[in-house]
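These notes open a run of structures that come right after.
Both of the next two complexes hold subunit A, though its partner changes from subunit B to subunit C.
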Partner chain A sequence: MKTQTMQSFGMNKELQKKEARELFNNLETPLLKYGQGIQVLLKELDLNQVIAKVNEEERMTIEAPQGVIIRSIQELNQEELETYTSLISATENKFLALHFAILDDWKIIIIPRDMTVKGPIIITSHISKKAKAESIIVIAEVNAKAEIIERSSSTEEAYYKSQTVQIFAKENAHIMFSSIQELSPETYNFVIKRGKVEANANITWLDATLGSKYTHLRVQTHLTSLHANTENYSLYFNQGKQIFDLNTESLHKTRQTNSNMLCKGVITENARTIYQGRILIEKDSKNCKAKQKSENLLIDEHARCDAVPILEVENDEVQCSHGATIGKLNEENIFYFTARGIEENIAKQMIIAGFLEPIINKFPTEEIQEHIRKNITERITK
Partner chain B sequence: MKKEISVSRALYDDADEHTSRFIAKPGINEEIVRLISKTKNEPEWMLEKRLKGLKLFGETRTPTWGPDLSSLDFNNIIYFADPNATATKMWEDVPPEIRKTFDRLGIPEAEKTALAGVGAQYDSSIVYHNIQKSLEEKGVIFENMDVAVQKYPDLVKKYFMTNCIPIHDHKFIMLHAAVWSGGTFIYVPKNVKVDLPLQAYFRMNAQKGGQFEHTLIIVDEGAELHYIEGCSSPIYSENSLHAGCVELHVMKGARMRYSSIENWSKNVFNLNTKRAMVHEHAIVEWINGNMGSQRTMLYPCSVLVGEGARSESLGIAFAGPGQDQDTGAKAIHAAPNTSSIIKAKSISKGGGISTYRGLVHVTENATNTKSTVKCDALIIDNESISKTYPFMKINNNESEVTHEATVGKIGEEEIFYLMSRGIDEEQAVQMIVNGFIEPIVKALPLEYAVELNKLIELEMEGT
Partner chain C sequence: MRITLIKSLTERSRGNTMKKLEIKDLHVEVDGTEIIKGITLTFHPGKVHVLMGPNGSGKSTLANALMGHPKYKITKGQIILDGKDITKEKANIRAKEGLFLSFQYPTEITGVTMANFLRTAVNTKREKKYSIVEFHTLLKEKMKELQMDSSFSKRYVNEGFSGGEKKRAEILQLTLLEPKYAILDEPDSGVDRDAIEILSEGIERVRKNKEMAIIIITHYKRILEYLQPDEVSILYKGKIIAQGNYELAKQIEKEGFEGVINK
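Moving on, here comes the complex of A and B:
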């Protein structure tokens, strides 16, 4: 089933869509249940409405420095297609079937061998109506180095957005993929990001989850060869009735691979966050190092947070640790500020900004960092 | 005190000689449930409870989120056996590895046979009666659960599988409700402090009949109790399912410590449920060691229902070849100013799987809650597996919840350090393991601590 779907991509795009559509019709909507009563109920979300209202007019735009190759899906040959669409499949679940059923907007970015791209590649997506699906494929050839910034926004007419990102980091390639998500609080957002990291290569994922009504973010990295490395730095600021359902995974499929995940977030008003992290170290993956940490601040009385950090270790030659904290603003810190004549509100703002700063300052450009800071400060003072 | 401890391993005495000699056929049905109830001459409400449990059991699927239970055949289990009828086996039938362990632990002959379920009854009646007498003077009730149903109907009806562990809790509790038999009932009156740890060994017939034993303990306001369940030496059981239930009610200002070292033989599915309702300013402490069984699913739970209630859980699990130890702890904070501490340690060896699965749930009104969870796992070889699944559900902003876990192997440098001082490698590993489990062993009474240490030494042999 899987290969069939893949093969039909290049040959006949409409056929592939039709297959995904059939899958969509046949699959059950997955329950967003994560054990021990932790679950998300999306009562209002109507997937049939999504399929009926597909936005085919608006497209992602890319600004890329010289040397970076941008191609369309039709330009890939059969073998390339099969390889580079292999990490995510329409058969996985109803949301992904829907994604491929309505998908029209592909961007394929190729960083040629030995190239160090000067300056970031910037992908911009703004949708102003209905439902939209986007797929990004990044192929970093041997020794290639690049930073990619992906920014997404929407208006309140945009109902549903779905996105997949597949990154292939070949030997010694280094890719940093940053996402700044500022969708409208009316937009449902489903994002699946997967990376495959080969020998001595690295993928660094940066995520600023700020907007949307509901965000379903899954970032998964497959460490498949010696000395493959991944880092995942994620921040979120959650407000109103927003629900963020975040999941990061490092899969250590071979020995001497390393991973580090850090997620920091702030939950205000009636918002809710579910954070799941998972480290899997397979049986023969010896000498791996893996770390994962999540820190969550609950600001208001009705804010909620669920955290499930998971460790699965199948051999003894490893160093693994994980941790999660869920807490409130430190009253002593607030007192410190107020004792110096700073208003409580401002004090809180400063503490929150300081709490998120270690992740903010990992984003690639000063401008983006400033933009994230501004987004958060404005929303705190709102 | 010392003397009492030294003979206290007796499993049962001769208190229950009136039951008829009978073994039910394998499998479960209404007839068997009615028969159990009738044999025990139970009141109508208990029979109703059993039947309701049976119905729910039939309607509920076996959970699949945990260890593999596919080889567990509910139709192949004897749900009711008269205790006197089972003691007819031969010593030769007891598996050699269990006999070996008895020898290594230096367990007296009479007790060995009792632990193996083959011998005549081991007479602990003298000790038992002495303790019983001193407890009676203080008004403490310490009774076989079957007897308690008859003797203390009001207390039992109020607390037995009601608000602590209701019969619909999960599949194995439904089964337990239908076929439970034996166990312990303890009531400690207000402000009474029981200074001697009470041990399950005094239970009458509980081990022999008791794969579905029920423990119900009520520690009234301001009272204190330390209860010890089970036995650190292996218990041989032909029956492959153990689905016990432990309910603790720790009232205002009371304090309860529940220690248990479980070491069922390695054919057993140990699917046990333990929960405490902890009231205002009360304290509950769980100390758990899981050594035996092929599959264990056990997550002692503290429901902190009163303001200022506290809970502490210490757990150690050892998973050897063929074992899947799925254990952990739960803390449900349902009142303000409550706190919980969970510390879990596990060792996986020879292909064993040890899993920490836990929950910290802070409800909306449980403001100013503090919870700390710490898990450490040691993997001894490349065949073994360690997993950690902690769940945290936090519904208010006045709480501090932290979770930390580490997984790793014994440091080569530590071993080298010890070896360079003339200690051989096996011994060095052993010393490090002993150090690793020390915080839990320290919380146990001396004789248990010694036995647990020896057991782990035995399990670690040849690494």
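Moving on, here comes the complex of A and C:
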């Protein structure tokens, strides 16, 4: 089934969509259940509504510095197609089947061999209505280096968005992929990002999850060759009834590979976050280093957070650390500010923004950093 | 006409004689336990008042309660600053009225730079706000006086500071905020000899220039040699058990608290 889906990609788009549609019809809606009584119920989400209301008009836009190659899916040959769509398949679950059933908007970004791209590649997506799917493929050839910034927004008319990102970092390639997600609080959001990292290469994922009604974010990195490295820095701020269901994974498939994941987030009002950070180190993957940490700040009484670290290590010769904390605003910190004359609400604002700052200042441009700070500060004041 | 006259007289008298920080029969509870059991004290502008007492006598509790820490509940008594009752005011209002506390154990705050924190604090009190550039100049000058490295302003508030650096940062805040009444809770603990001299000079400079009242909690005489206290009060089990001048502090330094407690 899997190969069949792959082969039909692009060659006959309608056929591929039809197959995904059939899969969608046959698959059960997955239970968003994560053990120990953690479950997300999306009672109002109607996936049939998504199929019925596909937005075929709007497209992602890309601004890329000179030298970067942008291709359409039709321009890939059969072999390339099979390779570069191999990380994610419509057969995995109903959400992905739905994604490929409605998908029209592909962007393929190729960073040629030995090229260091000057300045960021910027992908922008704005959805003003209905439901939409987007797929991004990044191919970083040997020794290529680039920073990609992906920004997404929507209006309250936008019901559903799904997105897949597949990054291939070949030998000694370095890719930073930053996402700033500011969808409307009326939009459901499903995101699957996967990366494959080869020898001496690196993928750095940065995620600012700020908007949407519900975000289902899965970031998974496959470390497949010697000295492959990945870093994952994510922040979130949720408010109102927003639900963030976040999952980051580092898969150490071979020896001497390194990973570092850090997630920091703030949950306010009636919002809810589930964060799962998973490290998998396979049996023969000796001498790996892996770190995972999540720090979550609960602001209001009804805010809720579940943070689950998952460590699956199948050999003893590794260095691993993992941990999760869920805390409240420190009264001593607030007093320290108020004792200097600063009003309590401004003190809280500064402390919350400060809590996220170690992630914010990893984003690639000053402008983006300021934008994230502003988003957060304005919402704290609200 | 007459009303105006009376009013202006009142204002004048307030200007001259009401400039003091008074605490009257203060009782303070922490987690339901009474720690401060009726303290009455007055602090005057330009004077140095030392609070001494064995560990657990209530010195830090008094300091925090005066500054308005929400954990320290004032169950009875009053705090009056220049004639204004601030007993029920929040910490930021007390700070605006001119009260300051240098913390014994300053807390660490991730992600907020010293420069940003200090500028926000200083601007809160000012009608005309400092711009980032203007404030940077002022901060650099004040840091130089305390022999602080310029990289200090870019670091997060107290994060990863050594004990001595934290105390220096507290005094930096004192010199920037120029309060009327400064409570210094062990500004000298964990600080080496040379640094004590630098800190004391910093405190003295701003005390003299601004007619500031200093209320200092300390266990060591070294800092007192620089600050020359005018008044000394001994706190024991939540009460003032003895008062005197600098000689009393010297006596305690020599003989310990036993002599005073057993009197």
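One rule holds for everything that comes next: the second predicted complex is superposed on the first by the 382 of 382 C-alpha atoms of A that agree within 3 Å, B and C clash if a C-alpha of one lies under 4 Å from a C-alpha of the other, contacts with A are read in each partner's own complex, and residues count from 1 in each chain.
Note that contacts are C-beta pairs under 8 Å (C-beta built on N, C-alpha and C of every residue); 3 or more make two chains touch, one makes a residue touch a chain.
None of the values given here were measured: they were computed from a predicted structure.
The partner of subunit A that touches more of its residues, comparing subunit B with subunit C, is B. Of the two partner chains, subunit B is the only one that A:R304 touches; subunit C does not reach it. Legend: residue contacts after superposition of the two complexes on their common chain; A:L356 is shown touching subunit C, with no touch to subunit B.
Of the two partner chains placed around the shared chain by superposition, subunit B is the only one that A:G35 touches, whereas subunit C remains out of contact. In the superposition on chain A, A:G240 makes contact with neither subunit B nor subunit C. In the superposed model, A:V313 makes contact with subunit B only, not with subunit C.
Of the two partner chains placed around the shared chain by superposition, subunit B is the only one that A:H322 touches, whereas subunit C remains out of contact. The touching residues of subunit B, when paired with subunit A in their complex, are 65, 359, 361, 364, 377, 379-382, 384-409. Of all the residues in subunit A, the ones that touch subunit B in their complex are 35-38, 283, 286, 296, 298-328. Remark: subunit C residues 67-71, 90-92, 94-96, 100-101, 103, 106-107, 109-112, 116-117, 120-121, 124-125, 156-157, 173, 177 touch subunit A in the complex.
If you check the complex, the residues on subunit A that touch subunit C are 330-333, 335-344, 346, 350-351, 353-358.
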